[in-house]
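Accompanying notes for the structure given below.
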Amino acid sequence: MNPNHLRDMLEQVRTGNVSPEQAMERLKGMPFEDLGFAKVDHHRALRKGFPEVIFGGGKTAAQIVEITQRLHESEQNVLITRLEANVAADVCAALPALQYHPHARLATLLRHPVEITGRGAILVVCAGTSDLPVAEEAAHTAELLGNRVERLHDVGVAGIHRLLAHHDLLQRASVLIVVAGMEGALPSVVGGLVSVPVIAVPTSVGYGASFGGLAALLAMLNSCAAGITVVNIDNGFGAGVAASLINRVGTT
Amino acid sequence: MNPNHLRDMLEQVRTGNVSPEQAMERLKGMPFEDLGFAKVDHHRALRKGFPEVIFGGGKTAAQIVEITQRLHESEQNVLITRLEANVAADVCAALPALQYHPHARLATLLRHPVEITGRGAILVVCAGTSDLPVAEEAAHTAELLGNRVERLHDVGVAGIHRLLAHHDLLQRASVLIVVAGMEGALPSVVGGLVSVPVIAVPTSVGYGASFGGLAALLAMLNSCAAGITVVNIDNGFGAGVAASLINRVGTT
Amino acid sequence: MNPNHLRDMLEQVRTGNVSPEQAMERLKGMPFEDLGFAKVDHHRALRKGFPEVIFGGGKTAAQIVEITQRLHESEQNVLITRLEANVAADVCAALPALQYHPHARLATLLRHPVEITGRGAILVVCAGTSDLPVAEEAAHTAELLGNRVERLHDVGVAGIHRLLAHHDLLQRASVLIVVAGMEGALPSVVGGLVSVPVIAVPTSVGYGASFGGLAALLAMLNSCAAGITVVNIDNGFGAGVAASLINRVGTT
Amino acid sequence: MNPNHLRDMLEQVRTGNVSPEQAMERLKGMPFEDLGFAKVDHHRALRKGFPEVIFGGGKTAAQIVEITQRLHESEQNVLITRLEANVAADVCAALPALQYHPHARLATLLRHPVEITGRGAILVVCAGTSDLPVAEEAAHTAELLGNRVERLHDVGVAGIHRLLAHHDLLQRASVLIVVAGMEGALPSVVGGLVSVPVIAVPTSVGYGASFGGLAALLAMLNSCAAGITVVNIDNGFGAGVAASLINRVGTT
Amino acid sequence: MNPNHLRDMLEQVRTGNVSPEQAMERLKGMPFEDLGFAKVDHHRALRKGFPEVIFGGGKTAAQIVEITQRLHESEQNVLITRLEANVAADVCAALPALQYHPHARLATLLRHPVEITGRGAILVVCAGTSDLPVAEEAAHTAELLGNRVERLHDVGVAGIHRLLAHHDLLQRASVLIVVAGMEGALPSVVGGLVSVPVIAVPTSVGYGASFGGLAALLAMLNSCAAGITVVNIDNGFGAGVAASLINRVGTT
Amino acid sequence: MNPNHLRDMLEQVRTGNVSPEQAMERLKGMPFEDLGFAKVDHHRALRKGFPEVIFGGGKTAAQIVEITQRLHESEQNVLITRLEANVAADVCAALPALQYHPHARLATLLRHPVEITGRGAILVVCAGTSDLPVAEEAAHTAELLGNRVERLHDVGVAGIHRLLAHHDLLQRASVLIVVAGMEGALPSVVGGLVSVPVIAVPTSVGYGASFGGLAALLAMLNSCAAGITVVNIDNGFGAGVAASLINRVGTT
Amino acid sequence: MNPNHLRDMLEQVRTGNVSPEQAMERLKGMPFEDLGFAKVDHHRALRKGFPEVIFGGGKTAAQIVEITQRLHESEQNVLITRLEANVAADVCAALPALQYHPHARLATLLRHPVEITGRGAILVVCAGTSDLPVAEEAAHTAELLGNRVERLHDVGVAGIHRLLAHHDLLQRASVLIVVAGMEGALPSVVGGLVSVPVIAVPTSVGYGASFGGLAALLAMLNSCAAGITVVNIDNGFGAGVAASLINRVGTT
Amino acid sequence: MNPNHLRDMLEQVRTGNVSPEQAMERLKGMPFEDLGFAKVDHHRALRKGFPEVIFGGGKTAAQIVEITQRLHESEQNVLITRLEANVAADVCAALPALQYHPHARLATLLRHPVEITGRGAILVVCAGTSDLPVAEEAAHTAELLGNRVERLHDVGVAGIHRLLAHHDLLQRASVLIVVAGMEGALPSVVGGLVSVPVIAVPTSVGYGASFGGLAALLAMLNSCAAGITVVNIDNGFGAGVAASLINRVGTT
């Protein structure tokens, strides 16, 4: 359909040869227009309740403050990820309403309270204490997106009994986020113990042949526990978003 | 707690000094035993309805037939993945009840009809016709696991209008599996159009600097669309399982 | 704008409150609809004269014949790339009108003669005889897309005089495609001799630390001759398309 | 031809047996000499209007000032790339005529105004705000080389509507430079929307499995949109030069 | 066995229908319980004499001091690895009982003297002086775990006579730890000279194509001397633990 | 010391100017001679009982038969590794005394019965049935080298209960060889359950991002269970040799 | 100098204002012409005695025969490398004068006897029998290029005594070529024993983490023995040429 | 042969049962002793005139000064490589006799004047100014080892005329060291112009897909110019040593 066709059709609407309903139908039958219209609304719907997100890594305090203030007119909550402590100090000084979570290296600015909309609890499991920042990034993200979050830390596979001792906790979660560096084996073990979705997060914790998290990433992608899915190295934020989407499947 | 302690406690149960309920509590308080007991049941529950799966890749027809027959006493449906056409011919000759799906390179042996237990529809989106075997592996797996599955094929990002024309289909799915080789860009575009979980499946389709699917895999892991999760290269089966788990979140 | 707004506006067209022209303007001002409409036409325009392309690699003769025949209703010329000689024999038997070019491993099926629309000549330069298939794939593609093509073969950098002896040829080209495997140095040298666009094509020719063309690819990406651009390993077809687009810049 | 032959011929010129014109012809017919002679002129021609370029990365302010001043006798404009803000401050203090563009991390020193010699507009498209420095390096380079440049920023593929809303802008460009980090998918989508040359520039924006831009680079090399060519990671300068050469095809 | 079955059985113990011995047997016959019980004891046994270990890399002095003090109630010796000199100064100031070994970049806090429990001597062989920190980390770890340790330093393969001159030392060791960076060839040569276990430790010593120790790692994994095993790059601690376990084989 | 010096000294021994004891001392004081002398004996001692080993991979049946027969004069047992079934058939036809183990893809030719010289049992643990050939190569090698070998198969980490159910078996081994492909997580879990040396063997089992066993190899090198050592991908033979050396520590 | 200048000068030669000798001088002083002239002669000189080389890998017998016959008019000897036995049979049938060396996988066709022009002996040292084809390719190449060649095979570093036993042989060589696969350690050891140039040749012998010879290549590049240089994996031919050039330094 | 056998034989020499000549023969027949004796002398000979070398990279000024002073008793010249300017200042303050070469980042301490022992001139060719430090490291090393060294800088392949203009210089060298970063193409071009040994040195100059010099390294290893050999990335020192060894072939 080209502009002339469209103009013709509109002319026919004007002359009464084509009814508005018929025009609607024809427009819907065209390749993209229905998309175009729907897209706007949908997008608005999608983003309702979703916080504005600022990736703080590599940005100066001044830049972060400026972006945060620019988002002020929006009604959304704000999430700043990868915010190191020294930068956070300056950002918080300029934005006193900001709440900084040093373990998770993120800050939140709440315009409205977070409403729990997820079905069940999201459990964030973490192999070692060095993986905590990524795990907490995932946990805080999921909380800000309206989920109840539980945490299980320091249950690496070399001490499998520590993990097994929390069998109940594993069983009652709706979705699991499993965070591990080094050999990245934890998601495989956890995936074999539960029957709910498991999101694996490799971290860059390690040295030498961990190659910045590559070893953990490859391990998770090759997991023998079917049904595990993986996000980028250190991507706690992405895992939190994915878990939140999963936790709301079928609710809208 | 060592065996002697256990024996003592059981002795005290016998003498009435400890009630069975107290014994239960003590056993639960011990590091692993509750796990051990629960595990069995849980595992049984988990696997109820889950088919037995045989990875057919690299196996001879004789081996596959033998394994399939060994699973005969089990009450489960059987799924054979990565079953190439020439091997399938021999397997089907030996096992006439087997249904072979050549596009998906898999076969199923149904002991009982598949019951739909998933919440909504799982949509399998596929970039190019060469990605079809992986997409169909995902689709058939999800169907066998009790999900309604829809398909959208040949909607690569270089012809974005073909994808956008199916906006409705994208919007009404509960979970999406997006399969793409080469540059692996499709999940990012799809992820920006929907507000439900997206599982990205890189395929080994491509040549040269695709390095057997590595290019697509890295692209998907680095997706700018938050909330996408990724499985191994060509792992349609794993994507089908993950999507099925997601589609049942909160149903049990 | 949602469907209701659209329906209201169409109603107003019907009642004469809004003229068709005003409706056109409003639709144009909406986020995507202008795109949607234009896209169809544009796409048609774009593809006018562009052949249908079939990637023959990994396909059976039967599959290629079937796809080619399905394209029969289209008015376009057909190009089949990566068609090995043994497969080509069977394809040509079934499609006698097909012309097979064994060096380039491609076949063409002309529905209408190719019209020269490119500005100047495209020169395909090739380092070694083993790189010929890729170079010829590029040359034939460019010819089929309406360009005059010249060829300069076997002018590797280890015998720089052979290249320099064809200085005139290099100077009179509009666009150059430079094909090389092994160390992939030729595009850098050529790029320093001409002042027109150079498209570098790494090939998988080599062994050991060539890692399937990776060495040549990296060399070309790191060329010290500014203005060189690169395509995938062995991607003669892509280079031919890119050169053709460049050779038509400003003609439409 | 060896020195004796040359001497003989010159002797024959002296004796009148060979005319200067005949000698010219013979020299031209020899393997390299015509090259040698032409090369100088050509090279001069090529470089006319081309700025002198200094790669500022890793150089001290003192070194940059010294090199810039050494180029003073040249009549050319000067372009300094990869000039970080802290170094730029010192360089600008020493060279007050220098213009620094912080977003593009480059500086220019104009000896003569830039004349527009390119055919049409070069459009620089950029996926995210973090990719801006590379995009602006490309844009400024193209401008300095005599092209009209337009910009389209922050149109990543996860919000495809933002890109599609600028369909007109995409359609009217002569050449496109598409800059993206992370999954590097934007060039594939753009390449499917236009019918002019597209130069893809991967950036090192990303973390984890982006491996310093490798993910974006591989994605772009494997693009399913035929005709896209690629430059090195973060090589905005090279993309600007390539686009400028393309925009002048057939003008000289 | 599920909780109900367990409760029933315990009830039967109470009523005398099942004797404690029978209950023991049944519990043992269940999948995991014997494990669960034994695990605790065993684990305790395993860790007896094993020091508490703190990975100091990337931790602040304050964090290390806090963790060390938290371990105070434990009766174990403490080992802090990857403790750089500048951090160590502050840690030692806070914990005067700490002994710092600058070459090995580790510190020990002894609660009880180390008892020699290993069979023979562990010999730590080191290719170059730059590999010393890793070698000393291995040596100190092995000593702290109760082994007699000998050292042979600076015997790289390019001066094979220096190694061969210590033939006696090589022959009398029970286990060898061989530490080398760069080409990592030393373990192969040593492995051919002895008939006891050899643990190879690649180090990140080198530059360029050593790729952070990858070259040495690959060399060691591909050793033509059968029976060599390898640990992670720079993992002197892990080598010390492995050698200690080997040196105690059959002693418990 | 050069030959002349040696001859002089021997002359002095003859004339009585130097006693044999003094000559011995002088020879010992020289850099290598003691080595040289000792080496021969030692080497002989080392190899006593060690089989002759032929790497069958890539060799024809004729070549293997020829090499095996050439070793006939030796008194040693012979071990042929990587002997595929089709090659083995021809080899066995020519050498009827050969015993072929198809699962392990190896054959043995015993000149004398194998004597058990290892301290305890070596336990070979195997993650999946596809890893069996490598596990059996390790097991047979260890047996041929004089060790008692136990086997525990198909205990992958996704079904951790299967592993834990064999706790006793794990506890009573002297040395463990743990074989796993895909994510290679099993050695970490096993390493946390035992207090004896663990040799990890990555296998090439897997596809896609397993990259021929690289994923498993990296996982094992980065194991969080201290004391694990690793051999090359699929190197069951090397693991068997290493385990055997460990199992004999201190016995000679 | 541009064409006009050249024409002027030739005119002046004609008129006698410039003598042929002066013209010669001026031409020599110009940027490239001396090169052009000299290049021809030089090149001829360089190639005198150098055989024509055909890379046989991946070529059919028919192609090799055709190329060889086309070279017939040349007076040079012919060397065909990478000629597998099955292809060689057909080639030899067609070219009875050809001599095939199966171990080296190469064939030679001598038009004139090879004259020894190298200074001393080139010694080819080889780690294992599987490396023999590459070693023999190097040795035959060096012989054909006019060098005396000695061989030392099967002296891998795991049996260092076998290498050391041939100390004299090592000492009397002018140049060494050291060929090794797997861990590639041999060149480092040899490099420490001699004071002449050592060319290291990595081979693709190995499996798993040898990654097709990468491990050996990296080891050789990182050799701690200063002065070792390296060629591509399996490039025995290149090593033979390099050794030959070295063996003639200063002779021309 | 064990010590007792040796003692017996020496006793028999004493008693006259074995003559010194027979003893010599027997010792020679033993695996290593002739080597052992010769090795010492040889090694001494090898090192005569060779400077002591200190790798300054990563060392503090204090460490370098200490090592240099410890070498004081040696009669050798001293060469310190990888000595950055800020460290060099402190080192020179402590060792006033030291000569620092900032471009080459190395320092020399001459105990005796360098004597020219090399046959001809070593020419160091360098692609870009950023490659100068590596080129100068090679040049200074070769000079210190007794060679006449010439330099040709800034002759990258993108301006091939600059290289060709120095044809004479290239032709008269005995050995060439060719240093290049980025695409590393220069050695291939140079290798085609000369008939003497060429040592290629890749540098880490570049960014993005140069991957720290990997691109240049791979290019050089895959050079189509036969006879080029390669050293590690940035290894100017190694190239200088290799060139020096080559330049002395046959002189001793």
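By letter and in written order, the chains are A, B, C, D, E, F, G and H; residue numbering begins at 1 in each of them.
Just so we're on the same page, a contact is a pair of C-beta atoms (placed from the backbone, for glycine too) under 8 Å apart; a residue touches a chain by one contact, two chains touch by 3 or more.
On a predicted model such as this, the values are computed, not experimentally measured, just so you know.
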>> Which option, A-F, G-H or A-E, should count as the same interface as A-D once over half of the contact pairs match?
In response: A-E
> Between chain E and chain H, what is the separation of their C-alpha centroids in Å?
Replying inline: 39
> Centre to centre, by mean C-alpha position, how many angstrom separate chain B and chain G?
Replying inline: 55
> So, what's the distance in Å between the C-alpha centres of chain G and chain E?
Replying inline: 48
>> Where in chain A do residues touch at least two different other chains?
In response: 31-32, 35-36, 38-40, 161, 164, 193, 208-210, 214, 217, 221-222, 226, 232-233
>> Run through the chains and report each pair that touches.
In response: A-B, A-C, A-D, A-E, A-F, B-C, B-D, B-E, B-F, C-D, C-G, C-H, D-G, D-H, E-F, E-G, E-H, F-G, F-H, G-H
> Once bound in the complex, which stretches of chain D touch chain H?
Replying inline: 36, 39-40, 43, 55, 57-58, 202, 204, 212-214, 217, 232-235
>> With touch defined as at the start, can you tell me which chain H residues reach chain F in the complex?
In response: 1-3, 6-7, 10-11, 13-14, 16, 19-21, 23-24, 27, 30-41
>> For a test of understanding, state which residues of chain A touch chain E in their complex under the given definition.
In response: 130, 161, 207-210
>> Under the stated contact criterion, what part of chain A meets chain B in this complex?
In response: 31-32, 34-35, 38-39, 42, 45-46, 53, 119-120, 161, 164-165, 167-168, 171, 174-175, 193-197, 199, 217, 221-222, 226-233, 237-239, 241-242, 244-247, 249-250, 252
> Where on chain B does chain D make contact in their complex?
Replying inline: 127-128, 156-160, 164, 182-185, 188-189, 191-193, 206, 208-211, 214-216, 218-226
